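For reference, the structure discussed in these notes is given below.
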Amino acid sequence: MKRRCGFLAVVLAPLLLAGFLAPYPYAEQHREHPYVPPTAVHFIRARPFVQEDGHLYPLRLFPGNGRLFGVDPPAVVFLLGSDAYGRDVFSRLLYGGRLSLATGLLATLLSLALGLAAGVVAGYFGGWWDGLLMRGGELAMALPWLYLLLAVRAVLPLHISTLDSFLVSTAIIGAVGWVRPARLIRGVVLSGKERGFVLAARGFGAGHGYLIRRHLLPLTAGVAGTQATLLIPQFMLAEMALSFLGLGVGEPVPSWGGMLNEARQYHALLLHGWLLAPGLAAIPVLLAFLLVADAWLFRRSE
Amino acid sequence: MLIFRYFAPVLLVLSAAAYGQPGDAFIVSGIAGRSGGTLVFAQRNEPKSLNPAVAADSASREVMHRINADLIHINRETQLTEPALAKSWTVSSDGLHYVLNLRKGVRFSDGHSFDADDVVFSFRVYLDEKVLSPQRDLLLLEGKPIAVRKLDAYRVAFDLPGPYAAAERLFDGFVILPRHILERPYLDGKLAEAWGVRSPADQVVGLGPFRLKQFVPGQRVVLERNPYYWKLDKEGTRLPYLSEVDFVFAGSEDMQVMRFQTGESDVISRPSARNFAVLQKEGERRGYTLKDAGPGLEYSVLFFNLNDSPAAGNAPFHRESFRRAVSLAIDRDAIVRLVYQGRAAALSTPVPPGDKAWVNDKLPRIVRSIPQAKQLLSADGFSWAPGGSLLDPAGKPVEFSIVTSAGNSERVQMATLIADDLKPLGIAVHVTPLDFASLLNRVFQTHDYEACLLSLSEADADPNTDMAVLLSSAGNHLWQPEQKTPATPWEAEIDGLMRRQMVTRNRVQRKQLFDRVQAIVMDKLPMIPLVSPYILVGARNDLGNFRPALLDHYALWNIEELYWRGGRD
Amino acid sequence: MKYAGRRLLHGAGLLVAVSVLSFLLAQVAPGDFYSQWRGDPRISTATVAALRAQSGMARPLPVRYGAWMAGILRGDFGYSLAYRSPVAPLLKERIVATLLLTGCATLFAWLIAIPLGIWSATRTGMWGDRLSTAATSLLLAIPDLVLAIALLLLAVQTGWFPTGGKESRGYSRMGPVQQLRDLAWHMALPVAVLVLGLAPVLVRHVRAAMLETLDAPFALSARAQGIPRRRLLFRHLLPAALNPLVSLCGVSLGTLLSASLLVEVAMGWPGLGPLFLEAVMARDFAVVLAVVMLSAVFLVLGNLAADLVLYRIDPRIRTVDG
C-alpha cells in the first residue's frame, strides 16, 4: 500500500511542479519551429548539449528564470517535440496534466457521490424512491445533453476564465456521470439489505442511518472503487468533447483532452506522432490510481 | 462557409453556327478519351436530396450537377460563359431582354425529349414563392423577378426587371427539370419531397452526363452513364466516357484522405494543406498525382461586431485606428506558413488573388509592424498601463474574444495565432470556438459577439458577387447586417459604388469603381482580410483530362470528359 | 408479473418525460435549422423567414409538441428539414447497421471480459493479474477516437482492412457467403475499437465482483470442503457475483443504439451516428428527437430486462418486491 501510494506521488509530482519542471510557459510560441520532433540531447563529456543550425548550445540547469533547465536562444529544447505553433509539448503536458487531473478527480468524486446517494436511497428504500431515482437516471441518460451544453454556452459570457470553465466542465460531467454508478450500487444495496446480518441488525432495531452506514455502504465499496477507476480516465479526457462545444478551457491553455484532440487527426498521427504524448502520460497516472484503489479494496476485504 | 454566387460582366452574342452540329450536339475540345470504367469519388457527407429546387448542401450539389445541366454554363476552366442547353442567345440593346435558342433533339436521361416547356416549368418552380428554392433570390433583381416566356418550342425569352451587367452568367446552376416527371408533384404541392434519397432511381431524370442508378443510404450513390447526353468529343464519340461514377460517403476529411491514399477513391478534392502534405509523401508509391492550383476564390476575414448592441457599445473596435492597428499587428505570413504549410496567400484587400481581373493591386501589401500599430493607437488616445496592457481612451483595458467555428481547426489556429500576435500591443484576446449554428446565430441573430473569424468564398471573379456582403442593407453585411440606411458615410459611398458597377457595362469603368470600393474597405477595415488558401486536388495517375478548376466543383467539373487512360473496369 | 407491468407503465411515463424535455432542450439550443441558411449570401433574409414560417417552427411549443406526439402515435416520427423527408424511412437501415455493430461488439466484449475477469480475480497479486490490470488501464487511457484513427492508420498502411464503409462495391451482386465475408471484413475495425473500449470496463467489473464473492464466507467454506475449483468458480461463485454484472448488462443492452455514435463517425460506419451528429449540429430536430426516443426505448427495455433478471436470480430481492 505504501509503495503504491509512493508510486502515485511520484507520478503526480511532476504535474504539481509544472511551473518548475517545464522549460517554457505553456503558451509560448516558437514560430520558427512548428512540428519539431523531440529535441536530441547530445552528451559531450557527460554534459548535455542541443544542436541548432550546426552550433551546440549547452543545456543549462537552473538557467535563472525559476525553471529547472533550459537552453539559450536561438536554440530550443523540446523534450517531446513541438506542436503546430512551435509550443513545447513537454511543458504543455505538465501544465495540462494539472487541469485534466483535477477535472477527472473532482468530476469523478462528484458523480460517485451523487451515484452513491441515489443508488443507496433507491436500493434501500425501494418502491417510490427507487422508481423516481432510477427513472430519473434513465431520463438523464436519454436526453440530448448536447443541446443543453450548447444552451449553457450561449448564456455564458463569451470569454470564460480557466477556473470557471474548469468548474463548469466538472459540474456538467459530474451531473451526467452519476447514473451508471447509481444503478450498479442500487443493485448491490438491493440484494445486500436482505442479507442475514443486515436483517439481523434491523431486527435488533438498528435505524436506517446506522444500517446504511455500517452495513450497506461497505458492501458498495467494490463497485464504487471499480467505477472510480473507470471514470477518472474518462473524465480526464472529457475535455476532448467539451472543447468542441466551446466549453473546454480553450486555446492557448492546455489540457490533455484538448491536446489529444489535436493528435487524433490523421496527419498528426502519421507525421507528428509525438503529439500523442498526453495519451501515453495518462497511462502511468491511471495505473497508479488503479493500484492504490486495488490495494485499498484488498485491505478492506482482509 | 459562406458561398457567393457571381455574375460576370462578359457580354457575348454567340451565333448558332459555331455549335450547331447535326442533332445540335456540343463538341468538347479536350483530348478524345476511351469509354468505359468506373470513377470512385469519396465525399465527406451524404447528399440530403437530389432535388435541384430545394437541395442546399454541398454534398447534394456535387452529385446533382453530375445528373443535370443548365442553359448557359460557366466553363470552370476559362471562367467564361459557354452555351449548354441553350445553343445560342441574343441580348436586346438595352440589355433587358434575352432570347435563348435551345438545342434541338436533346433528350432527358429517360429518353423523353426536351423543349421550351421544360425550361418554362423549371423557372416557374425556381421562382415559386411556395417552393422557396434557395436559388430563388438569385432570380430577383432589386426584389423583382425575372420574367420567363416561351416563344416557340425551342426559343425562350427572359426579361430582366432592370439593367444588370452580364446577366447571362445568372443561368449557371439553374438546371433544367423534366416537366413530364415533376409537374405532377409540383401541382400537388409535393415538389420539395420529390427526388429525396429514397426515390426510385428511374424517377430521377436529368439532362446531365450521368443518371442515378442506385442510392444506398449512408453509403454511396451510384451514377451510370446517360446514354442520351448531348455532348460529343472531337472524334464524334458520345460523352461521358466513364460508364459509372460511384460517390461514396467517407464521413470526415481524414477518411476521405485515407480512402484516396489506399486507392478506394480515385479523386480527392480540396484536402487541408496538412493532409496534402501527408498525401505527398506517398504519391509515387501509391500511383496518384497531386495538384496545387494556387489561390482560389476563398478567403478568411476577421471582422468586429459593429452593431449598436449593448455587447458592443463603445467598444474600441468601433474606432478605425484600432482596427487598423489590429490589421497591422497580424502576422499573415505566419498564418500562411503555420496553418497552411505555405499553401495560401496573404491578403491586402478583401478580394482573393484567384480573382485576378478584379483585385486592386495598387493597394499596398500589409507588412506586420508593431511600432506603427502602437503609433496609430497612441495617436487616437489609447495608452498603456504600467503592466503593458492597452487602455482605451476612456482608460479601460482592451480585451476581446474572437469567435470562430470549432469544427474547423484551421480557423481556430488562425485565431490562436492572432491572439498571440496582438499580445505585443497589450491586447488580451481570447479564442472562443463555437459550433457553426451557434456562431451564425450570434453573428446574424443575437449580435452577441465581439470579433469573428470566418471564411468567405466566391464562385467566380466578379464584383457583383460581393454585393451580398458589401451593401449595407444586405443580410450578409457581416459586421452590421440589414441596415435601414447606411450607418456611416463610407458605407453609403460603398453602396453607391457597388450599385453603379452593377449597371455599368464598361469593364474598365467597373474595375475603377470596384477598386475604389476595395480601397475604402482597406481604409476603414470593417473586415480585416487574412489569407486565401490554395486549391489542392489529386487524382490517380491514369485519369485522363483531369484539369482541376479554381471554381466550385473543383475536381469533377468536367466529369463527362474524364476517362481512364489504360481502360479500367 | 405485476412488477413487470408496473415497470412498463413507468417506462411509458419516462418516454413522455424524455420527449417533453428533449423538446425543451431543442428549444433552448441556440439557432435552428435555418440558421445555417442565414449564412448563405445567395439566400435573402426574407426567404429564410418564409422558410421558417413554412416549416411551422414559429408555432408555440405546446402546439408543435402536440402535433409531433400525435404523429408518433400514428407511427410518424416527424419531418426532416434537411432531407425533406419523413424521418422514419431514413432510420431503418441505419438502425440495423448500428445494432449489427454494437451487438457484435457487446457480445465479444462480454465473451472476453467474463473469463478474463474471473481469471484475473483468482490471481490477485500475481503477474497475470498485474498484466491484465496494466493492459486494461492502458486501454482505458486511450480514448476511443484516438484508437479509431490508429486502427485506420494500420488499415491504410497494411491494406488488410478497408478504410471505413460497410459494404464493398458490388455487394448486392455477391453470394450470401461472400456478402457475409465482406461485411465481416468491413466490421472488423469498428468492432475492434468498440470491444477495446468496452472490454476493459467489463473486465474490471467482473474482476471486482468475483473478488467480492471469493472472500464471502460461503466461498471459503466451499473451498474448505474441497469442491473442485472449476465447479466452484462457475457453479457457485459466478452466480453469486452476477448481481452488479446483471445491472451492467442492462446498461449494455440499453446503450446498444447510442454506444457507437462517435466511433461510427470516426470510422465511417453508416449507422445512426453520422446521421444523428449531423442532425444535432444542423438542428434538424425531428431526426434528433427520433433517435433520442428510440435510444430511450432501448434504455428502458435494457434496464427493465436487467431488473427482471435480478428479480429472478436473486431470491433476496424477490421477497421484498413480491
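Chains: A, B and C, in written order; residue numbering restarts at 1 for each.
We take it that a contact is a pair of C-beta atoms (placed from the backbone, for glycine too) under 8 Å apart; a residue touches a chain by one contact, two chains touch by 3 or more.
Please read all numbers here as calculations on a predicted model, not as lab measurements.
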Inset, instruction - Find the chain most remote from subunit C, comparing centres computed as mean CA coordinates. - result: B
Inset, instruction - Between A-C and A-B, flag the pair that has more C-beta pairs in contact. - result: A-C
Inset, instruction - Report, in whole Å, the distance between the mean C-alpha point of subunit B and the mean C-alpha point of subunit C. - result: 39
Legend entry - Centre-to-centre distance between subunit C and subunit A (centres being mean Cα positions), rounded to whole Å: 24
Legend entry - Centre distance in Å when subunit A and subunit B are each reduced to the mean of their C-alpha atoms: 43
Inset, instruction - Would you mind listing the residues of subunit A that make contact with two or more other chains? - result: 150, 153-154, 265-266, 270
Inset, instruction - Mind pulling the residue numbers of subunit C that touch at least two other chains? - result: 29-30, 149, 152-153
Inset, instruction - Note the residues in subunit B that touch 2 or more other chains, in rising order. - result: 254, 258, 407, 435, 438, 441
Legend entry - Contact set on subunit B toward subunit C in their complex: 2-5, 38, 40, 45-46, 48-49, 51, 54, 56-57, 129-130, 132, 134-138, 140, 192-193, 196-198, 216-220, 246, 248-252, 254-255, 258-259, 261-262, 264, 407, 435-438, 440-446, 468-469, 474-476, 481-482
Legend entry - Partner subunit A, residues of subunit B touching it in the complex: 254, 257-258, 272, 274-275, 277-278, 281, 331, 334, 337-339, 399, 401, 403, 406-407, 409, 412-413, 415-417, 419-420, 430-435, 438, 441, 448-450
Inset, instruction - Would you mind writing out the residues of subunit C in touch with subunit A in their complex? - result: 10, 13-14, 17-18, 21-22, 25-26, 28-30, 124, 133-134, 137-138, 140-143, 145-146, 149-150, 152-153, 201, 204-205, 207-209, 211-212, 215, 243-244, 246-248, 250-251, 254-255, 280, 288, 292, 295-296, 299-300, 303, 310, 314, 316-317, 319-321
Legend entry - Of all residues in subunit A, those that touch subunit C in their complex: 126, 131, 134-135, 138-139, 141-148, 150-151, 153-154, 180, 183-184, 186-188, 190-191, 193-195, 222-223, 225-226, 229-230, 233-234, 237, 240, 257, 260, 263-266, 269-270, 276, 279, 282-283, 285-287, 290-291, 294, 297-298, 301
Legend entry - Contact footprint of subunit B on subunit C as seen in their complex: 29-32, 35-45, 47-48, 50-51, 54, 82-85, 89-90, 93-94, 97, 149, 152-153, 155-156, 159, 162-167, 169, 265-268, 270-271, 274-275, 278, 281-283
